[in-house]
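Working notes for the structure below.
Residue numbering begins at 1 within each chain, and the chains themselves are lettered A, B, C and D in the order written.
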Amino acid sequence: MPTSASDRPVRDGRDDRDPPVVDLNSDLGEGFGSWEAGDDEALLSVVTSANVACGFHAGDPLIMRRVCERAAALGVAVGAHVGYADLRGFGRRPVTCPPEELEADVVYQIGALQAVASAAGTAVTHVKPHGALYNVAVADPVVADAVVRACRSAAPDAVVVGLPGSHVESAAAGAGLAFAAEGFADRAYTPGGRLVDRRTPGAMVLDPDTVVERCLRMVLRREALTVDGEPIPLAVRTVCVHGDSPGAVTLARRVRAALEAAGVVVRPVAGPGVAR
Amino acid sequence: MPTSASDRPVRDGRDDRDPPVVDLNSDLGEGFGSWEAGDDEALLSVVTSANVACGFHAGDPLIMRRVCERAAALGVAVGAHVGYADLRGFGRRPVTCPPEELEADVVYQIGALQAVASAAGTAVTHVKPHGALYNVAVADPVVADAVVRACRSAAPDAVVVGLPGSHVESAAAGAGLAFAAEGFADRAYTPGGRLVDRRTPGAMVLDPDTVVERCLRMVLRREALTVDGEPIPLAVRTVCVHGDSPGAVTLARRVRAALEAAGVVVRPVAGPGVAR
Amino acid sequence: MPTSASDRPVRDGRDDRDPPVVDLNSDLGEGFGSWEAGDDEALLSVVTSANVACGFHAGDPLIMRRVCERAAALGVAVGAHVGYADLRGFGRRPVTCPPEELEADVVYQIGALQAVASAAGTAVTHVKPHGALYNVAVADPVVADAVVRACRSAAPDAVVVGLPGSHVESAAAGAGLAFAAEGFADRAYTPGGRLVDRRTPGAMVLDPDTVVERCLRMVLRREALTVDGEPIPLAVRTVCVHGDSPGAVTLARRVRAALEAAGVVVRPVAGPGVAR
Amino acid sequence: MPTSASDRPVRDGRDDRDPPVVDLNSDLGEGFGSWEAGDDEALLSVVTSANVACGFHAGDPLIMRRVCERAAALGVAVGAHVGYADLRGFGRRPVTCPPEELEADVVYQIGALQAVASAAGTAVTHVKPHGALYNVAVADPVVADAVVRACRSAAPDAVVVGLPGSHVESAAAGAGLAFAAEGFADRAYTPGGRLVDRRTPGAMVLDPDTVVERCLRMVLRREALTVDGEPIPLAVRTVCVHGDSPGAVTLARRVRAALEAAGVVVRPVAGPGVAR
C-alpha cells in the first residue's frame, strides 16, 4: 500500500538531481490553562511546521495565540492539530460519534485556529489529526472522509498530513486536497506500512542514534523499518519530531543537523512562500 | 449618554421620508449536546439576524452547523454570540481574566463560527457579546476594548452589536468598526439608558401587549421606558427578541407583525446583500 | 442466561402467597446548569427509586441536591447513576480507559452523591451504570468488574442495578454485593435476554398500552418479549421508567396504576426501611 | 483581628512546657489527565498534611486515588482542597454563584474525595478552600458560611483550615467545627493579618533562607512579618509549603529540618490518631 504513494509526494515536480527535501513537524501548544507540556519555544527553533492543538484535546485560545506568534516570528508553518474533544484523555481515546458531528468538530477547530493564526500574523497551511483521531482515520474510511470533508470546507488550500497509504491519503486525493505523507523516525512499522501500536514491545525507538539513522534512511532511501528490522518502502514529505519527553529537544536538533549535514533541505510542506 | 448615538445609527445614509427600518435579532443555538434550549426553527422564521452561541457558554459545533444551515436557507444573517467559557453558568457569570486571554477567546469563537458558517453556505456578519460578557463590556472599557480588538482582527467587516452609549460602542468607533445599537423591548431601562438588573422588580416586561407597544415606541419614536415608565431617547438599529421562555415564539411573531403593520421594514443590519 | 437469575431476585425470602413486588426506577437529575431534561418533580411522585446523575454525563451538584431533597421528602430511594465523563455525548458514547481509571471515576461519583444525599437527609442505596457504561458493562467483564469494585469500596451496602444475566450481575455476585435485576417495559429483548440496540427497528416500544401490558407480563409472569414477539423468561426486581420523552410522565403513572390494580406492591429494592 | 485567635489554636489543651507543634501542609494532586503539576511523591515525604485537589480546579479521580494511596502509605493526613469549577483558570478566578450552588459544589467535592480516600485506605480529615475560593471566603461572610455549611454536612469531624481572623474562622466557630489557623512563610502579611496580593511587589518571599527564618518565627514566636518587615502576632497550627515551583521540594525539606532542629514537633492537625 504505501508504495502506491511513494513516488508522488517526495519529488513532485522536482528533478532527481535536486537535493532531497523534507519538512520537520512537531505537535505544539499542548498545555491547557496553567498546565504546560513540552518546550514549545525550543522546538519552534528546530522544526519547520508546528501542529497546533486547537482546544479539544489540549491547547486553549491564549496558548494557541502564543504558539502562532512565535511560529510567525520564526517562519515556522502553522497547522491545525485537530482532535477528539477529550482534555482528560488528551485525545488519545477514540470518541465514537456520527460523521457529521466529527466533521463539524474539525471545521470548528480549523476555523478557531485560522482566526487565532491570522491575529498572530500567520495562517493555517496544513491540517493533521491528533492521537486517536489520527489512528482511527488511518483505518476507517468514514472517519477519514469526515476529516477530509472538514478540511475541504474550512481550509481547501491546506495540506492534509497523514500516514502514507492510509484512508486519509485516499480521501484527500478523492477530495482534490493536497496530501503530505508523514513518517515517524522513532516508531516501528508493520510490513504493510502502518505504525506498530505503541504498547507493543519494540514499537517505540528510544535510542537517539537509532532515531537519527532511521530518519536519514527515511528521507534519503525512502525506507522505514519494521519491528523485525526489515526495510519497507516509505516515501514521506514530512517527519514528526516529538517534544514531550526528556531529551526530545536535543534529539530534534540532532535530527535536523544530521539531515542538513547529509544535504537535505529542511523546509515546510506548506506555508507562506511554499509553492504547491 | 445614549442620546449621543441616537441620530447616527438609525437612518444613517437614509432619507427621512424612507420607511423606518429595524433588524430583529435572537440568541439561537443555545443547546449543548443532547440538551435543547428554545425553538430555533420557529425563531429563524421570524427574526432577521441569528446570534449563534459558539461553544463557550452554550452551543457545540453540530448545533452551530445546523443553525447556520437553517439561517442560510431562510436568509437570516448569522452573527457570533461570543461569551465566557462557562457552560454550567450559561455565560451569565463574569469570568475575570487578563484582557489578552479574553481577546484570544473571542477571536477563537468568531473563527470557529466563521468556518462552520462557511461550511453551511453563509458567513458571520455581526458579533454580539453574550450574558455577563455583554454586561461587563458595557461598563468596563478594558473588557470592551478586548472584545473589539478580537472583532477587528477576526471579523473586521462584521458589525458589532451592543448597547447604545456603552463602552462597546465607543471602542468599536475607536477601532473603526461598524456598530449597531441594540434595544430590548422586554426590559426596563435606567434613566441613563442602561438595562435594569434582571433581578430588580419591574426589570422584565412580561405582558406581551406591553412588549409589542414598547417595541413600536423604540423603532418609531426612538424611545425606551425606564422602570418608572419615563420615556428616554434611545435610537436602535436592532431589537433583541428572546426565545427561551414559553410563548416566546408567539410574541416574536406578534412583534414582527406589529412592526410591519406600522410600515417598518424588518431586515438585517448586516449580512449578504446589506450595504454598510 | 437470564433464567439462571430468574428465581432468586423476585421472591427471595418471600412466600409464594405474598403479593408480587416490584420497584419502579427512573433516571433523574439529567439537566446541567441551566439546561433541563425531563420532569423530575412529576416522576418523583410516581417512582420508588431515583437514579441520580452524578455530574459526569449529566447533573451538577445543585441539581443533585434538589433531586435528593425531593426524593427524601417523597420517600423515594436514591441511587447513583454513574456514567462516563462525557457531558456532550450524555454518557451514550463508550470512553475507553484503563479499568483503574474507570473504577476511580465511579468511586468519585458515588462519593459525591453520598455527600449530597446526606446533606439532603437521605442516602445512596443503589448504584446503576448509565448509558454506554451500562451497555459496555453488560458484555465486558473487565468493565463490569471495575464498576463493581467501585461499588464495593464506596457503597458496600448498596444494591447494584443491572441487566439480569449480565457480567454486572456475576461481578456483583462474586464481590458479595446485592444485585437487583432490571427490566425495560419499553424495549425489545434478544432471545438471549439482552436489549435490542435502540437503532434497530422495533427496539423501542412506543405504544403506551403495549408498554403497560409488557410491564404487567414482566412482573406477573416473569417474561419479556423479543423483537419477534416471542416470550422469554426474565425475572426482574425493578423496572425502568423513562422520563425524557413527551407523555413519559403520563405513561409512568399508567404503569404504576396498572401494577397496583393487579395487586403488585410497588416499593424500592433498597433504601430506608427496606430489609435486604 | 488575628490576635483574637492567637492563643487558642496553637497550644490548646497543651502545657507550655510541651514542645511546640506544627503541621506542614501542601497542595497536591494538581495535575489533570496527562498534565502534571509539582512533585507529589517528593512532597509527600516532607509534609504531614496533603490538600488534595478534587477535580474542580485541578485533579481527577485517578490522580486523587494515587495521591491518597501514597499519603496513606506515608501516614500523611488527607484533606479536601475544594475550589471553584474552573480547570482552565486553575481555580484562581472567582466564580460568582448563589451560596447554595457553592455549598453543593463543596459538598460534592468533599464527598468525592471521601470515597476515593476510603478506597485508598485513608480518610478526609481536613478541608481547605483553594485559590480564589480561599481568598473570597476570607473576606466574604456569605461565601465563608457556604463553605462551612458544606463542611458541616459532609465532614462534620474534619478540621477547617484557613486564615486566622478570617470569616472562615468565625463561620467555623459558629458552626461548631474545628478550625486550624494556617500561615504562609513565603508570603508577606498586611498589618491586619491578611495576605498581601501576590501581584504586589514584596508579596512573595523568594529567598529560601528568609522563608525558613519566617517559618521558625511563625511557629516559635507566633509572629508574621508585614510587607514592611514589621512583626505582627499570628498564631498558626499549620504552615503551607508550596510545591509547584523549582526548588520547592528542597525548600520544603529545609523548612521541616529547621523546625525539627529547633525542637518543633511536626505532625498533622488532624488525621488518623490525632486527638482533637
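As a convention for this text, a residue touches a chain if its C-beta (ideal position, glycine included) is under 8 Å from a C-beta of that chain, and two chains touch if they have at least 3 such contacts.
The structure presented is a predicted model; accordingly, all values stated were derived computationally and were not measured.
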Any chain that touches chain B and chain A: C, D
Selected interface, A-D versus C-D, where C-beta contact pairs are more numerous: C-D
Inter-centroid spacing, chain D versus chain A (mean Cα positions, whole Å): 44
Between chain D and chain C, distance of the C-alpha-averaged centres to the nearest whole Å: 40
Two or more partner chains touched - positions in chain A: 60, 88-89
Chain B - residues contacting chain C, complex: 31-37, 60, 87-90, 92
Complex contact set, residues of chain B against chain A: 55, 60-62, 64-65, 100-101, 104-105, 107-116, 118-119, 150, 153-154
In the complex with chain A, residue positions of chain C that touch it: 85-86, 88-89, 93-97
